[in-house]
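In the two complexes that follow, chain A is the common piece, with chain B as its partner first and chain C second.
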Partner chain A sequence: MSKTASKLEAIDLNAYYGDFHALKNINIDMEEKAVTAFIGPSGCGKSTFLRTFNRMNDYIEGFRVEGQILIGGQDIYQKNVRVDELRKEVGMVFQKPNPFPKSIYENVVYGLKIQGIKKKSVLEEAAETSLKRAALWDEVKDKLHKSALALSGGQQQRLCIARALAISPSVLLMDEPASALDPISTAKVEELIYELKNDYTIVIVTHNMQQAGRVSDSTAFFYMGELVEYAKTKTMFTSPKDNRTQNYITGRFG
Partner chain B sequence: MTNSDINRLKDKAFQVFGIFCTFIGLVVLAVFLIDIIVEGITRIDWDFLTNLPSRRASRAGILTAWVGTLWILVLTTLIAFPLGVAAGVYLEEYGRKNRLNNFIEINIANLAGVPSIIYGLLGLEIFVRQMNLGGSLLAGALTLSLLILPIIIVTTREAVKAVPRSVRDGSYALGASKWQTIWNQVLPASFGGILTGIILALSRAVGEAAPLIVIGALAYVPFTPSSPFDEFTVLPIQIFNWTSRPQEEFLTNAAAAIIVLLVITFLLNGIAVYLRNRQQKKVKW
Partner chain C sequence: MRVSEKIIEGLLWLSAVITILITAGIIWVLLSESISFFQVVSLAEFLTEDEWTPLFAEKEFGILPLVAGTLLTTAIAIAVALPLGLTIAVYLNEYAHARMKQIVKPMLEVLATIPTVVYGFFALTVVTPFLQTLIPSLAGFNALSAGIVMGIMIIPMISSLSEDAISSVPRSLREAAYGMGSTRLQTSFGVMVPAASSGIVVSVILAISRAVGETMIVAIAAGQQPRLTLNPLVPIETITTYIVQVSLGDVPQGSLEYKTIFAAGITLFVFTFALNNLSFWIKKKYQEKYD
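Up next is the complex of A and B:
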């Protein structure tokens, strides 16, 4: 996978948890270096879909996928794809900030260390660059070796973003990254997303319509495991084609 | 009396009953401790700790017994720690939910309840006879390892299970393999709990006499062991031996040895509590 080819596609994708049909025949084509938002009511499959792009669902017993997920044209569910290689390209930020119970520095360099990179100068430089990119450097530069768990929730989430950036992925998956944060931290994370899209292909799951409107270029609306509508965010929010989309974004259900 | 009065009365009654029950246990323990200490504390001196066993009570010491106990502690730790932790991690992290693993799990839980003398018989057959180790320290340590393995496995599993899913997810999402995640995240985060379990298991092993008597540990060993293949005795066996003698002086010796054994056990428990508290302070989810 090359850095420039980070276009995300799904072709006839179906996913199951045991007997439950979680994703139904999804076809989508997402732009490179842009922000795509997944919206929809709880349980509609948007998080499941997000997690197929770095195969985080592999750990769930009874989960299986049919169809194709292409990243830069390559089917990532092929047998010869190594999951650890895939995840170097596709970073992920979770709903609840989940820093490791280690120092701030150790959190950021973890991804590099498990790749076998030991050289201190390389690690330190990567830590500084990533923390700067995540707009956290100024707040933590004097306490890099303090516990990450002592940071505030918003800082922890930006640390998790820095941690994901440190291994230089080309795609960033964000699963409701601001839902556990206060408004000020949320604004910071959104600003960050806006900056990062110059270099990364970003997919963000969100429950917050305003957030989808503010940060995303395109929006996909999911309902009961189906991709109901996918369009430029502006178009979708002003003139949705499907009735269900209209009802959802105007707050009539969900 | 209204309904709520009756409820309040019941509440009070149960509280009093609870306090009473708590005190029964504590009082019995306290009486026992005081009795032992009064009887034995004056007998403990340097000579008592450094003398070899003797037929004359006033000259008898517990050197071979406590050195033996220390040997057993160290050897048992070396054997049971890697085996128990590895088995616990396997069952919790790798073991899939199939028949075989269910069977293993149920049996481990059952093994924790098997009387220790049965382990002694097992040790006698396997280690002493089949493996030809004789009544040696190694045979004893192996037997006690079998005895405490179930405890270590169960506490390891509990500690590993307590590490939140989100930490593992974070590690996997950065490209870590399962083993890297276990080694770098799960084990460090659960180490306090694992250590606590091991120490508590060891403090149980330290007090065991029955399985060691079965495998042929002797009360009278005229030398301190210098290798794992030497014969040995331990404090509980020495105590057992002394309490079964008719002379009053030997009972005093036994009381003194019990104090030493209690000190070792309390020390181990103290370390366990300390480690657990430190861990709880360090890791906050």
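Up next is the complex of A and C:
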């Protein structure tokens, strides 16, 4: 997979948890180096869909997909795709900050270390660059070898972003990255997303309409496992085509 | 409060107190008998003398050979049980399907329910002859095969407690590791095992404590020759074996020889008591707080 081929597509995608039909016939073609927001009420399938792009659902017993997920034109559900290799291209930031119970430095360089990179100068440089990109460097540069668990929730989340950036993925999946954070930390994370989109294809799942409006270029609205509407964020928020979208973004349900 | 409530409360209190009294009683017997032993044999002699021959004409009272025998068999047991137990724990947690886990875990626990006397004869009549085909110089009674079999016995202790510790690590950490492109192996040994390390250490300490106190296997298969050595190929004697040997023998009650078993017993008690407390302390101090 080359670095520039970070276009995300789904073709006739269906996903099931056992008998439950979680994603229904999804077709989407997302912009490269832009932010796409997935919105929709709880249980609509947006997180499930997000997790098909790095095959994070593989570990759930009874989960299966039909159809295709293409990243840079390659179907990632093909048998010959190695999920560990895939995830080096497709980084992920989770809903709740989940740093490893290790030092800040060890967290950032983890992804490089498991790839067998041992050279200290390389690791240190990568740690600094990633922490700077995640706007955390100034806050932690004097305590890199302290436990990551001692950081605040907002700092932990930016550390998780730095950790994901350190292995230089081309795609960044964010599953409600700010939902467990206070407003100030949320603002910082949003600012960060805005900056990162110059270099990464970002997909963000969010419950927060304002957030989707602030950070995303395009928005996809999911409802009951269906992709109801997909459009430029501005268009969708000003003139939604579907009634269900209209009702959701105006807060009539959700 | 109603009378029946009071009676029940009293019974509950009594059963709690009885166990404490029994423990206190055991400690008291050990102490009182060994105090009269230490009035004859100095503590310094007991701890530094390198021979243990209380039943011979020329008596020496150095506990070191018995301690060495105990530590040797225990070390062999842990060397067998830790890698196997931990691998099993990781397998069950990370690789095995739910149904596989449901079958394997109870089967493993069967290992812990086999009477130790059976293990002892297994060591003596199966493991030792087998090892002798590989190591011709191996004595009929030896620390090696007793230690190995003892290790097999404590595998479920380590695998079961470690598996509990690993599965209590939050799922979000596993996802973080997978999300970074870790393989299953990197996830389990690089993230899950370290995050569960306090629980794993506790399981190992409890297993050590169990091995130190184990009696039948070593009494049957390791020999009864107190010897200050770390050579696993020759007969040795552990603290527990010595106690059995003297208790079953015709040593007159009240004699100095008789009192040696209490001195040996209190040494054993100090070991296991310290280990259990250590595990308790580690559990309390290092248990990762997750929500």
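Quick note on the criterion: the second predicted complex is superposed on the first by the 254 of 254 C-alpha atoms of A that agree within 3 Å, B and C clash if a C-alpha of one lies under 4 Å from a C-alpha of the other, contacts with A are read in each partner's own complex, and residues count from 1 in each chain.
The rule is short, and it goes like this: a contact is a pair of C-beta atoms (placed from the backbone, for glycine too) under 8 Å apart; a residue touches a chain by one contact, two chains touch by 3 or more.
Keep in mind that what you see is a predicted model, and the values were worked out from it rather than measured.
Undergrad: Should the superposition on chain A be reported as showing a clash between chain B and chain C, or a fit?
TA: By the criteria stated at the top, chain C and chain B clash after superposition.
Undergrad: Looking at the overlay, does A:I249 come into contact with chain B only (first), chain C only (second), both, or neither?
TA: A:I249: touches no partner chain.
Undergrad: Classify the contacts of A:G111 with the two partner chains as first (chain B alone), second (chain C alone), both, or neither.
TA: both
Undergrad: Just checking: does A:G91 make contact with chain B only, chain C only, both, or neither of them? Give me first, second, both or neither.
TA: Both partners, chain B and chain C.
Undergrad: Return first, second, both or neither, reflecting whether A:V189 touches chain B, chain C, both chains, or no partner chain.
TA: Neither partner.
Undergrad: Applying the document's definition of touch, where does A:L227 land relative to chain B and chain C: first, second, both, or neither?
TA: Neither partner.
Undergrad: So which bits of chain A does chain B touch that chain C touches too?
TA: 54, 56, 59, 61, 83-88, 91-92, 94, 96, 98-102, 110-111, 114-115, 160, 163-164, 167
Undergrad: What residues of chain A sit close enough to touch chain B in their complex?
TA: Residues in contact with chain B: 54, 56, 59, 61, 83-88, 91-92, 94, 96, 98-102, 110-111, 113-115, 149, 160, 163-164, 167.
Undergrad: Which residues of chain A touch chain C once you look at their complex with the stated criterion?
TA: Against chain C, the touching part of chain A is residues 54, 56, 59, 61, 83-88, 91-92, 94, 96, 98-102, 110-111, 114-115, 160, 163-164, 167.
Undergrad: Which residues of chain C touch chain A once you look at their complex with the stated criterion?
TA: It comes out as residues 97-98, 170, 172-173, 175-183, 186, 190-191, 194-195, 288.
Undergrad: Inside the complex, what are the residues of chain B that reach chain A?
TA: 97, 164, 166-167, 169-177, 180, 184-185, 188-189, 282-285
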